[in-house]
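Listed after this line are the structures, all set down as structure tokens.
Each of the next two complexes has chain A plus one more chain, namely chain B in the first and chain C in the second.
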Partner chain A sequence: MTMLLVEGLSKRYRDHQVLTEVAFGVGRSEIVGLVGQSGSGKSTIAKCILGLERPHVGRILWHGESLSERTVRRRARRGMQAVFQDPRSSLNPRWTVRQLLSEPLDNWLPAERGVIRLARLARLLDRVALSADLLDRHPHELSTGQCQRVCIARALAPEPDLLILDEPLSALDVSVQARLIELLLDLHRTSGISYLLITHDFAVVADICQRIVVLDKGNVVETGKVDDVLSRPTHAYTQALLRDVLPMPG
Partner chain B sequence: MSDRVLHRFKVGLRRDPVGIVLLAIVVAMIDAILAAPLISALSPVGTDFKQVLLPPNAVNWLGTDDFGRDVFTRLLYGGRTSLTVAGVAVLIVMSIGVTVGVVAGYFGGVVDLVLTKIIDVLLAFPRLVLAIAVAALMGGGMVPLIIAISVVAWPAYARIIRGFTLQVTQEGYVLAARCLGTPTWKILTRHIALNLIGPILVLAMLDIGNLILAVSALSFLGLGVPPPAPEWGAMLNEGRNNMEIAPWLVLAPGLAIFVVVLAANYFGDIVRDSVEGRPVHGPRNWLRLPLLGATQPSRLAAAPAAPHKDEVAAPALDMQDVCIEVTDRRSPYFGRRILNNVSLRVTRGESVGLIGESGSGKSTLAALSLGLTRPPLALTAGSASLFGEDTAGWSWDDWQHVRGRSIALVNQDPLSALNPVLRVGDQIGEVMQTHLAPSRAALEDRLREVLDEVDLPRRVMRQFPHELSGGMRQRAVIAMAIVNRPALLIADEPTTALDVSTQIRILDLLRGLQDRYGLALLFVSHDLRVISRVADRVVIMRGGEVMERGLTKEIFAGATHPYTRELIAAMPGRRMRLIQAAAE
Partner chain C sequence: MSVLLGITVAVFLMLRFIPGDPATAVLLTMVEPGLDSAQITQRDIDEVRDQMGLNDPLPQQYAMWLGRVMTGNLGTSLRSRQPISGELAVRIPATLKLGSAALLVMFAIAIPSGILGGLYAGRTTDHVTRILSLIGESLPSFFLGVLLIYLFAINLGWLPAMGGRRPESIILPAFTLGVGIAAATSRLLRASLLDTLSQPYMLMAEAKGMKRRTLLFRHALRPALIPVLTAASLVAGGLLGGAAVVETVFAWPGVGRYMVEAIAGRDYPVIQGFTLLMATLFVIINFVVDILYRLLDPRVRVEERGHV
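This part shows the complex of A and B:
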């Protein structure tokens, strides 16, 4: 069964139709890329899935159950987590890494304390290749790349089945991007976690994803395996987007 | 967080002798008020008609009033009432104001609508008149006084806190907390209220003065603590009748109120500076340069105009062994070298890509070429020349001549580069008027021409920045940059905030303009794919030093420096190329 299924999702802001009957799914251990230009409605989809916005029409199913049910929503809150574009604004500037990572743990494992909690925090940092020495630092004492790793660690804390990654690399330097892509692929290999990667960059999608959903002005115009879409794009919009990808120099 | 704020508060106080004196006086006053029975053996309410209206003397330090009561003792006991009422009122006002403001701002919708309407209605009444009415209805006394003051004071707080909450609610960490399943009450308290603590503290400090005044005013009007209990405002009122023969009766409570209110307002400012993390010292960055400009006459008779394409002339930008260091001893990074022996030359008609990641010093270099190096940074070695002239001796006015006219900048965020309340046409026109004073017709001709050059429709002239897409905004910024036909264009990460399709069009536009007008283009970016599209030559920087330089093609074909190779390897898109190659 598809883990996350979006069906006929439509959303309107006043007169502006942002999403029109969007439908796609993310399976277990699958990496799906949601590609589109700015204003195509990618981030609105993420917000609808995460319950930050309410769709006007359509359903979102989590393991076959509708997210409009309160109990399903509660389960899904733990099962899917998000990482956003700007790691600096995603971290409360007044908190230390320890407090930041403890927030989800306090929500899901409120009884855990002391050495066991400390070990879990260290393990989380280890999974994103950060040293446990950083626990008492504030976000402003970390580099942007380290901040994004803390965001990923925080999202991994409730042990979710799905990570929604909304432009997670855009704010980072190229070499930091490359290391994070490595990290994401490693995490996927070791834990089988699924990703829904939202981006405008086909090059990044090709490096990470197995399947692509192409979005234009709130409509899904093409979906398919990465290899198929990249080598034989059928929709004119996808073809245009692919032409705009900057070629590798040299 | 509290440590940093405390540290900044201490530093702010240490640099401010007035603050220290005020603090010492207020601490002494509060100590005296708390220890009133120990300091004065006299009773604050005991009358003695043998000692009426005595001037200050050895026993009665501040004289006596018309009932023969010791003014100093009454001042001490009265301070207890005044400050307690004001302190309790601040706590109540803050609690109601913060709760209502945060709830209205966070939940929005109907909740917000109802709460803001209530606030609006309450704010429509004059504050003190409403307080008088409430106090009069409830009769005199301390509790009615506190209630009367709190009822009229909270709406103003609630409205300000609501505004702050609206901002904080949009922050990424609040969204993240919602995704993490954090309960709403925790988000409201730990994320939102905690991040509002700065403004809340400042408001509290600034308003405690107002509240003390309000307490005194109501007591002065006879609506406060009933006599004979002492209170500063009431003491003012009682002393009024004998003001001419016994001025100490009004001077003593008047000065006490004055000092406390002054100190509260003054601390409010220091607290705000320490909480908001502004530099505690004055704006010395701006003090120096205009002075320099004023004392030195401009050495440049006229800014160098854009040269004809095939004119052979000095390089547009020429930096030789430039070193930039932190030279301010007060800076924690004193002595750190930001640029180390960097040489860079951009000739006319050439496009140079400057590649570097965060901390490589590339933006410092761009700032240097625009004359925007500011303390704590300073040029310590080497030279920077523009159009063949050494800029070392240039005054502020010289730079003002050149900036926007011969050199122009396009930076990363077009939204912040454009003024949101001005029409795009006016902003582009302003750049031209600043330097060239064109006629109205010439200005409009050039505006239309420049919009064509950047492929923007003419209606954009009458539009505001928020009506444009990200790509159109960046085109408008480029139009602003090229409207005066500069000779050197510096583009600092101009495409980083844009999506790929827009990115490639902006790059091609810049490249086209550079070709057509023989511009010298310095293109700064961390993205090699972007650089390879626009630059003839590239310079790769890391940690303030040049790692490698050469022709773009050669560098990508065979980089020699390991760092360059690492950067090339890090570029995404390898698999995409493989897939597409296989398909062909």
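This part shows the complex of A and C:
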């Protein structure tokens, strides 16, 4: 069954149509890449899914129920978490890693305290390959890569089914990107978590994703398995994008 | 410490370089009413200059003056012939009381209105708080003071119009002072809150379903208060320095009014002592604010450790 289903999603800012009848889905344990250039509407889709923007037309279903229902939204807030592009500004600079990771846990496991909580925090950091020694550090005392790992750990805290990753690697240098891709794949293998990866980078999509949705000016122009789309793109826009970033076969 | 030392040098030189001779000024204040100042001879002036140590080299004069200042001796008032430290000591508690009360009024008005303006930006609540802020900022304190005296003291008879003997005497001057500074602080808090609320980590918290109120108190208020603290520290320095206009309007027995009288009477030693005291107060307030910054923003602590 499709876990997240976006149906006929349209969004307009004043006279500017940002999204037009966008439709796609993310299944259980699936990694879907949402690809497009800047301004194609990728992040607006993420905001609509996360409830930060309200679509004008269309609906978003979470496990078959509409996210416009309050109770469904509440369930979805635990089941789907987000990681944004800039890890530094995604973390409250005045909080320690302990506070940052504890916040979602306080929401979902309010009774958990003391040693049990500490063990959970250490486990969370371990899952993203960070040491528990960092618990009392502030974001500015960490590298950008470490900050993004903390963001991922925080997103993993409520044990979600889906992570929405909005350009999670673009603020990082290439070597850190490679390690984070490895980490994301490892988490997917061990926990079966699904990803909706929003990116403009086909190389990252090729590394991580199983399925791809190509977006151009708010319209889905192509969708399919990653290997198929990357090797035999049917839409001119996808072909042009691929020509820019990947060497075309033949 | 180096700032304080610099201040003492500036204050010391101020009196030496202002137009007119301090010895002549002293002699002029000593002239009996009805006598002509032309009767002052060069010999009199030389004698007073000698008594005041004005013929000594400047470094020696400074060292002696600083020695006296360090023991709390700010000199003698030319008008009252009383020790300045004593005269200031009598008035400082009244000024501190008024300044603290005005700060309380400021925070009581500025924080709720700034928060409302920031949370409901662009909506009716925001427009109302902004209009009220504009009115509060535009009203000159002497006008608001007189208005309040007319309404609450003369018409309604609820509060005393002048002086500082009764406990309730502080209400009108504190409100007059507090309203003016609350308006600017409220607008500053609104702008700062809007800026903080637009940070990606706020979006993140909102995406997690955090309620607006929780978001405000857990994430936004502390960083938004930093510029407010900076503004409040500057305002506090001014308030403790004595709000001369308000103290004069309400005949409040503080240092502000004392200073106005000293300026009118060209009482240079008083002006000098007052300036030194206020500059020292500013340094102390800034020091306290630096400590508060560290409590509000952990990045300040680390930056400082990095510089050591």
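Here is the rule we use: the second predicted complex is superposed on the first by the 245 of 250 C-alpha atoms of A that agree within 3 Å, B and C clash if a C-alpha of one lies under 4 Å from a C-alpha of the other, contacts with A are read in each partner's own complex, and residues count from 1 in each chain.
Basically, a residue touches a chain if its C-beta (ideal position, glycine included) is under 8 Å from a C-beta of that chain, and two chains touch if they have at least 3 such contacts.
Predicted, not measured: the structure shown is a model, and the values here were computed from it.
With chain A as the common reference, chain B cannot sit beside chain C without a clash.
In the superposition on chain A, A:107 makes contact with both chain B and chain C.
Residue contacts after overlaying the shared chain place A:141 against chain C, while chain B stays out of touching range. When both complexes are overlaid on chain A, the residue A:94 reaches chain B and chain C alike. By the touch criterion stated above, A:203 is placed in contact with chain B alone, chain C being left untouched. When the two complexes are overlaid on their common chain A, residue A:57 makes contact with neither chain B nor chain C. More residues of chain A are touched by B (comparison of chain B with chain C). Contacts of A:84 after superposition on the shared chain: both chain B and chain C are touched. In the superposition on chain A, A:116 makes contact with neither chain B nor chain C. Of the two partner chains placed around the shared chain by superposition, neither chain B nor chain C is touched by A:236. Clashing C-alpha atoms with chain C after superposition occur in a single stretch of chain B, namely 148-156 (options considered: 148-156, 400-408 or 508-516). Residue overlap on chain A between its contacts with chain B in one complex and with chain C in the other: 50-52, 74, 77, 81-82, 84, 86, 89-94, 103-104, 107, 138.
Chain A meets chain B in the complex at residues 37-39, 50-52, 74, 77-78, 81-82, 84, 86, 88-94, 103-104, 107-108, 138, 143-144, 151, 154-155, 157-158, 170, 173-179, 181, 200-204, 206-207, 226-227, 230-232, 240-241, 244-250. The part of chain A that touches chain C in the complex is made up of residues 50-52, 73-74, 77, 81-82, 84, 86, 89-94, 96, 103-104, 107, 138, 140-141. Chain C makes touch with chain A in their complex at residues 199-201, 203-209, 218-219, 222-223, 296-299, 302. Taken in their complex, chain B has these residues touching chain A: 1, 171-173, 175-183, 191, 194-195, 357-358, 469-470, 496, 498-505, 507, 526-530, 532-533, 552-553, 556-557, 566-577, 579-580, 582-583.
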